[in-house]
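To keep things simple, chains are lettered A, B and C as they appear, and every chain counts its residues starting from 1.
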Amino acid sequence: MSAVAESLSLPKAETPLRRLAREFFSSWVATGAFALLLGIVVLALFAPLLAPQNPYDLAKVTVLDARLEPGARGSAGFVMWLGADGAGRDMWSAMLYGLRISLGVGVASGVIALALGTAIGLLAAYRGGWLDALIMRLVDLQLSFPAILVALILVAILGRGADKVMIALILVQWAYYARTVRGSALVERRKEYIEAAHCLALPPRRIVFRHLLPNVVAPMIVVGTLQTAHAISLEATLSFLGVGLPLTEPSLGLLIANGFEYMLSGKYWISFYPGLALLATIMSINLVGDRLRDVLNPRLER
Amino acid sequence: MTRFLLAVLFAFASAGAAAQELRVGLGSEPTAMDPHYHNLSPNNSLLSHIFESLVGQDERQRLTPDLAESWKAIDATTWEFKLRRNVRFHDGTPFTADDVVFSFERAPNVEGSPSSFGIYARGKTFVRVDDHTVHVKTAAPYPLMPNDLSQVFIVSRKHGQGAKTPDYNSGKAAIGTGPYRFAEYTPGNRIVVQRNEQYWGEKPAWQRVIFRGIKSDPSRVAALLAGDVDLIEQVPAVDLERLKKDPKLTISQTVSNRIIYLHLDHFRDDSPFVRAKDGGPIKNPLRDLRVRKAVSMAIDRDAIVSRVMEGQAIKAGQLLPEGFFGVSPKLRPVAFDPNGAKKLLAEAGVPNGFRLTIHSPNDRYPNDAKIAEAVGQMLSRIGIDTQVVTLTQSVFFREASTGSPEKGPKFSFILVGWGSGTGEASSPLKSLIATFDREKGMGASNRGRYSNAQVDRMINDALATVDDVKRSDLLARATEVAIEDVGIIPLHYQVNTWAMRRGFAYKPRTDEYTLATGVGKAN
Amino acid sequence: MIFVIRRVIQSLVVVLVMSLVVFVGVHVVGDPVHILISDDMTQQEIEDFIRRLGLDRPVHEQYFHFLANAVRGDLGNSFVYGEPALKLILQRMPATLELALAAFLLAVVFGIPLGMYAGLKPESPASRAIMAGSILGFSLPTFWVGLMLIMVFAVMLGWLPSTGRGDFMTWDGLRHLALPAFNLALFKMALVTRLARAGTREAALQDYVKFARAKGLSPARVVLVHVLKNILVPVVTVLGLELGGLIAFSVVTETVFAWPGMGKLLIDSIQRLDRPVVVAYLVITVLMFIVINLIVDILYSMLDPRVRLKEAKA
């Protein structure tokens, strides 16, 4: 259906990608969000060049700077425009480095979980029978496991660290994708075009990838963006509960969690700025994902 | 009939008197209402309202007469306790020597008890002489008898016989002699006690006391600020500054019996978390006294106290703060001297330092992980590249005690704390400094396996000396030798803090207990 | 019927596997002995305690022992409280159910109308505000929102109590419930809003809705009957998952608001490695979850006749 729709409704000169871009940027909100996200990614990538201090080097950080107010001069000589956190890290440097970790952990675990979950969900929906039952029970099993328990067990066996948190996040998320994909695919499977494809005796692989997959993309993008954003926030929650990343290499989430205890004491900058950065990151991901969804959804085309 | 009328009148009176009610926000909740189930501060603190022991501890942990009016050693191995007369349990039955004997029989034998009171009851024979006299016999001279007996609550024999922990939790057996009586226990929510109108001592100030467990620090502070509770314990350091400024609140503080210190690997030549700068193996430098001194000198205790603890600590030079029994008058906190530390490292043959990992719990002591991080920063500055690893306490303590392949301590350098329940110096010396010995029960928490024959001898002598002056002197000297040898590195003593609404006052305690009997009305 | 029996058997297998995983998992992490004991205990006494809990035996032996008792309905005694784990959990279940159901209701009652409105009038400023709000709802970590709620409504305004729980269905109880329920619901509300909006937008463009409109049915009827029915499928699926999630993951909210529910018990038990409670909690959660899923699947087939029960779940 999508292939047919494309050939009918599009001028020949425009490639699908270009069409996508044109539609995407026709919304100024999405354009703004995309620019913001791009900016955030650049900041994260070039953190070591932009930060006045390496906040992960214990020899460079001193507790004597702890909780300095924004604009105060730290003992290393530079001005801490956003203040310092409870361990004496320059807030701005810590946020740049933290952004790197948060984005890395969130996106990587989101993408891997998406790929894994989609593959498993499609398999379950397409094959059906005992395999479907097995997979769905596995999904039940997975979803009944509180994320913190998975994380706690993994962290205890493997030790704390970004990679361990990622594994935990993948394990927590894949089942959501699998279940969503399967649900949508089951509905699609009953539709005429798939039945038609069956009648044409197309190979199963072709049916799954050319017909089933494109049609479950829309719900996947909704769930996917939400989950990636969720993963970043989940990582923060794990840190809040004390099972996340190592203390000396804080992510944005851990910075917020650490600052959380200062909330009532009036030292707002310790969790306010990282909170703002996290909010901006997650909002921009969500807005971009939202727009992509509208653009990609074949049924919303006219 | 008159009693009934009185009760009705009383009910009316109390309904109108909300000011008679005290609401307390606890940082950690007790695990049971059975006073012999779990030897844990939150339990002992709360159950002090319902139950009493023979010997009490005042707010500085000095021993005071409680259910026993007086005690003395009548020969080398026998102590005599004279019991208070005219004391009644909450159900009206009189308190006698039988209840004492029964309580010490029950205390070590509670089914499923995670940490029993056996340590205080075992090795002692309780003999009822008459209704109000008890003799306690031991095999060898035992000077800490009154201290031990201050730790075990007396329960009613009538209700305690055959009673299990759930019977106490339901309130059925929770019958004591204390100033308050059991009213309600909802685990995870609240515990309510009512004034014991027949109390033998000073009449309790509050008609009704409600304790609520609010574990999360900011939530506990918020509950106080919102006026949902009148008093909170374990005030987080970060909020202290703000709370002090708030005109609607009052703060009450005192130094605690808990020291935060560092244990170093004294027993392995190849220590798993000590490495050369290039990551290769290195002969454990922590066994060299000069290196240990350097580590201690590299730590800026003032910075930890002011920046990490926000003033809620006092820098430490030994095992207990001054004023406690058996502390040394000579020892002072080691001064911060990074250059001196570097010089010592050079003398010890490691001028460029080495690699070290500090392990710390992150949910056991106030700011524990942050202190470890600060120590890591300070050591990194004298060339000891320090990695900071923080673990949740359930994992940390198992690994730190029995995590190595030989079921011994796993880590090379750890941050831990120690509170002296008995309120005197033999407690940390015996557990942290004495050579580890399973059979004798010495050095049980000596996770650095420090061992010094001279110190051991002095500790053993002290534990067999009934004379207070001589014992105090022995304990002080043992402490001096161990600290000069850098057996452990003391960092600071915690300060216990309570915050309350204005109009309330709390007599702060060194043992971290939060007692309604210590809460009064200020004016 | 056969379908239900089959489902129950499958579920039992899930519970079995789960309990094994958790049992071994928690065993690997550690044991609570070292945080339960008091500092003064000797090595000898510590070992006695380990023996009394049966923690000195190999893990498979401990597991079979657990299974043998579990068959008789005994999930073991809590290491910390010394009382049956099941009893501890059931004691606190009403509090959590109250919180989860309140949050669930809030999410549905606010989420669906908001989402449908945003879907029907996608260009209006109100819809944009709703969507921005929903994104905000996702983006803020629960614990942070919880504390902000306490700050604003309890500390600054003094309208609502900060923490704890009142008696069920009393004015005081509802006042205590308001903040934590809203806190827990926020994320789900955002999710429902988005799902409802997505569903509405799709449905509004579909032929049968266009047809219904063309037929001259009143807009209210079109929306309430045709559009609502269409969006219920994804909403029910996701909410089914999320109700279980609400119950299982109320941990954070319960911690922040000192709500005496199962979630708080779980996080405490995990931190103290109180294995019997953790295992019992998960067994109960899984059972609850499976029941909810079963209901979701039945609802699903009722709402969308294209998905036949036996095909979907066989």
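Structure notes:
As a working rule, a residue touches a chain if its C-beta (ideal position, glycine included) is under 8 Å from a C-beta of that chain, and two chains touch if they have at least 3 such contacts.
On a predicted model such as this, the values are computed, not experimentally measured, just so you know.
Here C is the chain whose Cα centre lies closest to the centre of all protein Cα atoms. Each of B-C and A-B has its own count of C-beta contacts, and the greater count is at B-C. Spacing of chain A relative to chain C, judged by their CA centroids, is 22 angstrom. Distance from the chain B centre to the chain C centre is 38 Å, each centre being the mean of its Cα atoms.
Averaged C-alpha coordinates give centres for chain A and chain B that are 45 Å from one another. For chain C, residues that reach two or more other chains under the stated contact definition are 29-30, 147, 151, 155, 255, 271.
Multi-chain contact residues of chain B (touching two or more other chains) are listed as 218, 222, 225, 363, 392, 395.
Shared contact sites, meaning residues of chain A that touch two or more other chains, fall at 152, 156, 242, 260, 263-264. The part of chain B that touches chain A in the complex is made up of residues 217-218, 221-222, 225, 236, 238-242, 300, 303-304, 307-308, 362-363, 369-370, 373-374, 376-378, 380-381, 385-392, 395. Chain A meets chain C in the complex at residues 128-129, 132-133, 136-137, 140-141, 143-149, 152-153, 156-157, 176, 179-180, 183, 186-187, 190, 218-219, 222, 226, 229-230, 233, 236-237, 240-242, 253, 256-257, 260, 263-264, 271, 275, 278-279, 282-283, 286-287, 290, 293, 297, 299-300.
Taken in their complex, chain C has these residues touching chain B: 29-46, 49, 52, 77, 79-83, 88, 91-92, 95, 147, 150-151, 154-155, 158, 161-165, 255-258, 260-261, 264-265, 268, 271-273.
If you check the complex, the residues on chain B that touch chain C are 31-32, 34, 37-40, 111-116, 118-119, 165-166, 169, 186-190, 212-216, 218-220, 222-223, 225-228, 363, 392-395, 397-399, 401-402, 418-419, 421, 427, 431, 438-439, 441, 444-445.
Those residues of chain C that touch chain A in the shared complex are 10-11, 13-14, 17-18, 22, 25-26, 28-30, 131, 135-136, 138-144, 147, 151, 155, 191, 194-195, 198, 201-202, 205-206, 233-234, 237-238, 241, 244-245, 248-249, 251-252, 255, 266-267, 270-271, 278, 282, 285-286, 289-290, 293, 304, 306-307, 311-314.
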